[in-house]
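Each of the next two complexes has chain A plus one other chain: chain B in the first, chain C in the second.
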Partner chain A sequence: MLKYSIKRLLQSLVTLFIIITIVFLLMRLMPEEGYFGDEFDKLDVAQREAILASMGLRDPIHIQLGNFYKDLFSGDLGTSIIYRPKVPITEIIADKLPYSLYFGLVAMGISLLAGIPLGALMARSKNKLWDKLGTGYIVFINAVPAAVYFLFLQLYVTDIFKLPILFRPDKPVSWILPAISMALGSTAHYAMWMRRYMVDEINKDYVRLARAKGLRNQTIMLKHVFRNAFVPMAQYLPTSLLFTIAGSIYIESLYSIPGMGGLLVDVIQRQDNSLVQALVLIFSSIGIFGLFLGDILMAIFDPRINLQKKEGAR
Partner chain B sequence: MGSKAISKLSDGISQDLFEFAGYDEEEAKRAGYSNYSYWRSTWQVFIKNRVALVLLILMTTVLVFTLIQPYLPNQKLPTKIYIDESTGMQLSNHKPDSEFWFGTNSIGQDIWARIWSGTRTSLLIGLAVGFFEALVGITVGAMWGYIRPLDRPITEVYNVINNVPKTIILILLTYIMRPGLGTMIFAMCMTGWINMARFVRNLIIIIRDREYNLASKCLGTPTRRIITKNLLPYLVSVIMLRMALAIPLAIGYEVFLTYIGLGLPVSIPSLGNLINEGRLLMMAPSLRYQLIFPALVLSIITISFYVMGNVFSDAADPRNHV
Partner chain C sequence: MASPKIKLSIRDLVIKFKLRGQVLTAIREASLDIYEGESLAIVGESGSGKSVFTKSFMGLLDGNGWIDSGSITYEGEDIARFKTEKEWLKIRGKKIAMVFQDPMTSLNPLKTVGKQVQEAVELHQGLKKEEAKRLTIEILDDVGIPDSESRYKQFPHEFSGGMRQRVVIAIAIACNPHLLICDEPTTALDVTIQAQILNLLKNLKEKYSLTTIYITHDLGVVANVADRIAVMYAGDIVEIGNSEEVFYNAQHPYTWALLSSLPQLGVKGEPLHSIKGTPPNLFYEVKGDAFAPRNPKALKIDFVEKPPYFEVSPTHKAKTWILDPRAPKVDPPASIKILRDQWGGRKNA
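Up next, the complex of A and B:
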């Protein structure tokens, strides 16, 4: 187990290294006005070149990359250019991170608590009313772009329950709707897979045997079917934090929550290159880390998984 | 028969054994022959699902309508700004009526015309992305599955790309390449083909060494026939499903990119642009029709393609054929 974890961790680190390098190289192709802020139009070409050179952007690419890694290891992501000029990016992110983390975790909790029972319920009443309702919900969430239903939720639910339209740190009521909206996507995801795995498991021989032994339906469901169906789900647990990323980009900027997702939209619209780069790197690292945790978690939940055997793409 | 003396063997064989037999359906059924056709069976299973059939007819109508709409009489131009004759100002935020069926937007453009023009743009993006995804995905996936030395390198590349959230790749590419129709289609293809390739690869690895394929090979079936008759029917359902789902996904990504400011220029109407325009006005309840109409059209289109894709993929699976 330990050996597997270390091997898997090393693999993730290599992937992280490759991705950071690729992202860094791609970022050199970014629109150059993103390095100047408001003065861009006032400067002539020579002045622009001078500024870019002073930022080290005219050095050969391998020296730039080396400097970038040197800064990265000392925990320096550079400074913001336009969003909050001259403020270190780490400081900006430290302000934003608690909000994103809070909403991400709450949304994940809600989606687990709602999605898994929903999926189990759908599997038990296959082709009956609950199954059909649940399928309708899953189809809707998967097919309709999140932007559309998020907008309508914000529009009408705040109207009906007289909630504040925007997020207010001092008003806990205004925290509820963003968290629930954010959870909708992964709830559908959990319900869909839970249903599929449960239906697969119910038809297996060991369930028939358990039934023949005279076990109660509830015991079979909880102790046998659920345990087996949950294993593939365990892998999604950390990844569902990622699912909230896409959600959080919308939700945070729709409700003006001062988090990282909203920040990304802000800095893209204002073309702050250094912040875009830092945020893309952070989100990618979260992605890699999430998949790593998922693999470890799955190995813990299912002792049958052969850790040493190298698997191809899943 | 035995006692009759014949001089030549061929004299004893009755000539009518060499006549062509006629085809009799009843007889054929008794002998176990079936004139099974893959596509006809797929179609029959598909139309058994009434919902899918209705949606198919609906979507065909929408597709035809978006193409012929500009040529119909009494249609307005999607980008023309209409002037209110009594005031001489722009006819802004005009309520839906018999003249402007879906009303006008804040600068006096006809929303009905803009929605159909936008649907055209969005469907174009969706179909282009679906097509290119399939093209690249099938090619890479087939190489990945068939050519054994390529398995490791492509798997590593897959692991790297798959580790990064799709939305982040999309944002990064469109940000670097500057917004536009080509950029958008390119970026979506870059993120989409990887899933298609993985599905194709997994399926090929599973079925390429199955006994029935070995048997076919031993009986001397040419490779081309093995691919088209033995492998393709299995792949078709997955490929069609991915292509059908690529359309709602691409439309959704278009809305997303527009929302974060990396979408098409406002001069090109698209469903994303229309929803974004409507969003800016949503705080005024009387103007919400500008958000609701495009959102409704968009939802109907995405749900239809999603449902049709799933039903078709079930129908295309030979195991579900009778």
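Up next, the complex of A and C:
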């Protein structure tokens, strides 16, 4: 187990290294005005060259890469250029991340707590009322563009329950709706997969044997079916974690939450090169970490995943 | 000889299934007595209703199936009328246990083998933790799993097919049942392992004084283990008798056809015998003898009226009009004649 984890971790680090290097190299191909902000037009060519040289961007590429990694390991992601000029990127992220993280985690919690029991309930009452209601909900969420029901919630639910329309950090009630809105989609997602895996498991022979053994249906569901169906669900958890950190563009702009949502799109449009680079780096590390975590979780839950075999084992 | 005690008595059982809006009659008024301590084999081709028949003894019919009429009497109680899970829990495992066909899928892949057996031990023998574990390991020993103490902690994927079937049997034994139903226990195993598993089942039957029912389409298995044989066709038992009677003195044309299909009875150089046609469509009501359309020697009445049981000996009866005193004499196929001659020789010897 430990050996497998370490091996998987090393693989992840290699992947991360490759991604970071590629992103860094790609960023060098971006138009250079991204390093100047508003001052670009005011500067002549010699001044621009001087600034670029002072930023180390005229050094040979391998030196630049080396410097970049050196800064990275000391926790320095550089400073923003256009988005919030001269502010360290770590500071910008530290400002915004808590909001996204908070809403993301709460939404994830809600959707896990609601979606997985819902899926289990649907599987147990397959083709009966609960299953049909649940399916209706899942189809609705998947078929109707999120914008529609997000807006609907904001418009009417705030009215009915007298909730504030916009987010205010000092008013906890204003935190409710965004979190719930964010949870709607992933609840449907979890419910759908949980139902599917449960139905898969219920039809397996070992469930029949467990019944023949004289186990109560409830015990079978809980100790055999639910547990086994949850194993493939484990692989979704880390990815969901990633989404919580990336933030929801739509919800955050709808309720004007100062989170991470849309930050990446924003800084790409405004060509804030160093910030783009830092964000891609952060997101991809979290993504890779998520996959790593997913694999480890699967290995913990499923004894069939052979950790000793050298080839093809994963 | 005192007549043996009846363990389970099935009378005129009708089981129906709803399938794609249509109703299918899987078991058509089948009756059967199972005696205490005996080993009965139910033989028949795929789809004849063998599995459905025995599943109904444990309330394990699929959700779209139900017992339409008839009774299943176990220790004086008609279990065919059971509706709730609570009622069935008195029977399942506790009284009747089952060994399933495919050991590769019958075990929960994410639970250790020991835990799965122990679950049954704790449930039915009222033991807790350490004691239960000790008994579990004992049972694993009993079913011939070597090194049971360390095997206890392993997962099903670490076992071979034959070993897994031993575990499945261990689970059934751990329930401490009176009646053990083995639903094609060796079909998924290779031949050498088949013999081992059959031997194991025979030994366990003695050790735990079980009554056993084998469901199989493999007549080799039957010859090996059964005291009595019930031949099932299209949801009804068409012939039943002691093993020797059914093997050597078969009366029903379907039993003839089954036996003639044994490669051992074929003549070298000639093509193997096979039964022409397909079983009747159970979505429609079957008229007369269900086997008549596939029986080249069928009588006219076979198509009109369902034959009752005719007694061949006190222990042997068959549902075929051939046995009616008024019926014309129908010659069995050559291979059946050979069997009868052999039996006659044995009887006289």
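In the analysis below, the second predicted complex is superposed on the first by the 272 of 314 C-alpha atoms of A that agree within 3 Å, B and C clash if a C-alpha of one lies under 4 Å from a C-alpha of the other, contacts with A are read in each partner's own complex, and residues count from 1 in each chain.
To be clear about the criterion, a contact is a pair of C-beta atoms (placed from the backbone, for glycine too) under 8 Å apart; a residue touches a chain by one contact, two chains touch by 3 or more.
Here the structure is a predicted model, which means the values were calculated and not measured.
By the touch criterion defined above, A:Val231 lies against chain C but remains apart from chain B after alignment on the C-alpha atoms of chain A.
More chain A residues lie in contact with B than with the other chain of the pair chain B and chain C.
When the shared chain is aligned, chain C comes close enough to touch A:Asp302, but chain B does not.
After overlaying the two complexes on the shared chain, residue contacts for A:Thr187 are found with neither chain B nor chain C.
Of the two partner chains, chain B is the only one that A:Ile249 touches; chain C does not reach it. Look at A:Arg211: by the touch rule set out above, it reaches chain C but stays clear of chain B. Residue contacts after overlaying the shared chain place A:Ile19 against chain B, while chain C stays out of touching range. Residue overlap on chain A between its contacts with chain B in one complex and with chain C in the other: absent.
Contact residues of chain C toward chain A in the complex are 58, 60, 85, 89, 92-94, 97-98, 100, 102, 105-111, 119-120, 123-124, 155, 157, 168, 171-172, 175.
Across the complex, chain A is touched by residues 151, 155, 158-160, 162-165, 167-168, 171-172, 175-176, 178, 198, 201-202, 248, 251-253, 255-256, 259-262, 275, 279, 282-283, 288, 291, 295, 298-299, 302-303, 305-307 of chain B. Remark: chain A residues 12, 15, 18-19, 23, 26-27, 29-31, 139-140, 142-148, 151-152, 155, 165, 242, 245-246, 249-250, 253, 264-265, 268-269, 276, 280, 283-284, 286-288, 291, 312-313 touch chain B in the complex.
Chain contact summary for the complex, chain A toward chain C: residues 204-206, 208-217, 224, 227-228, 231, 301-304.
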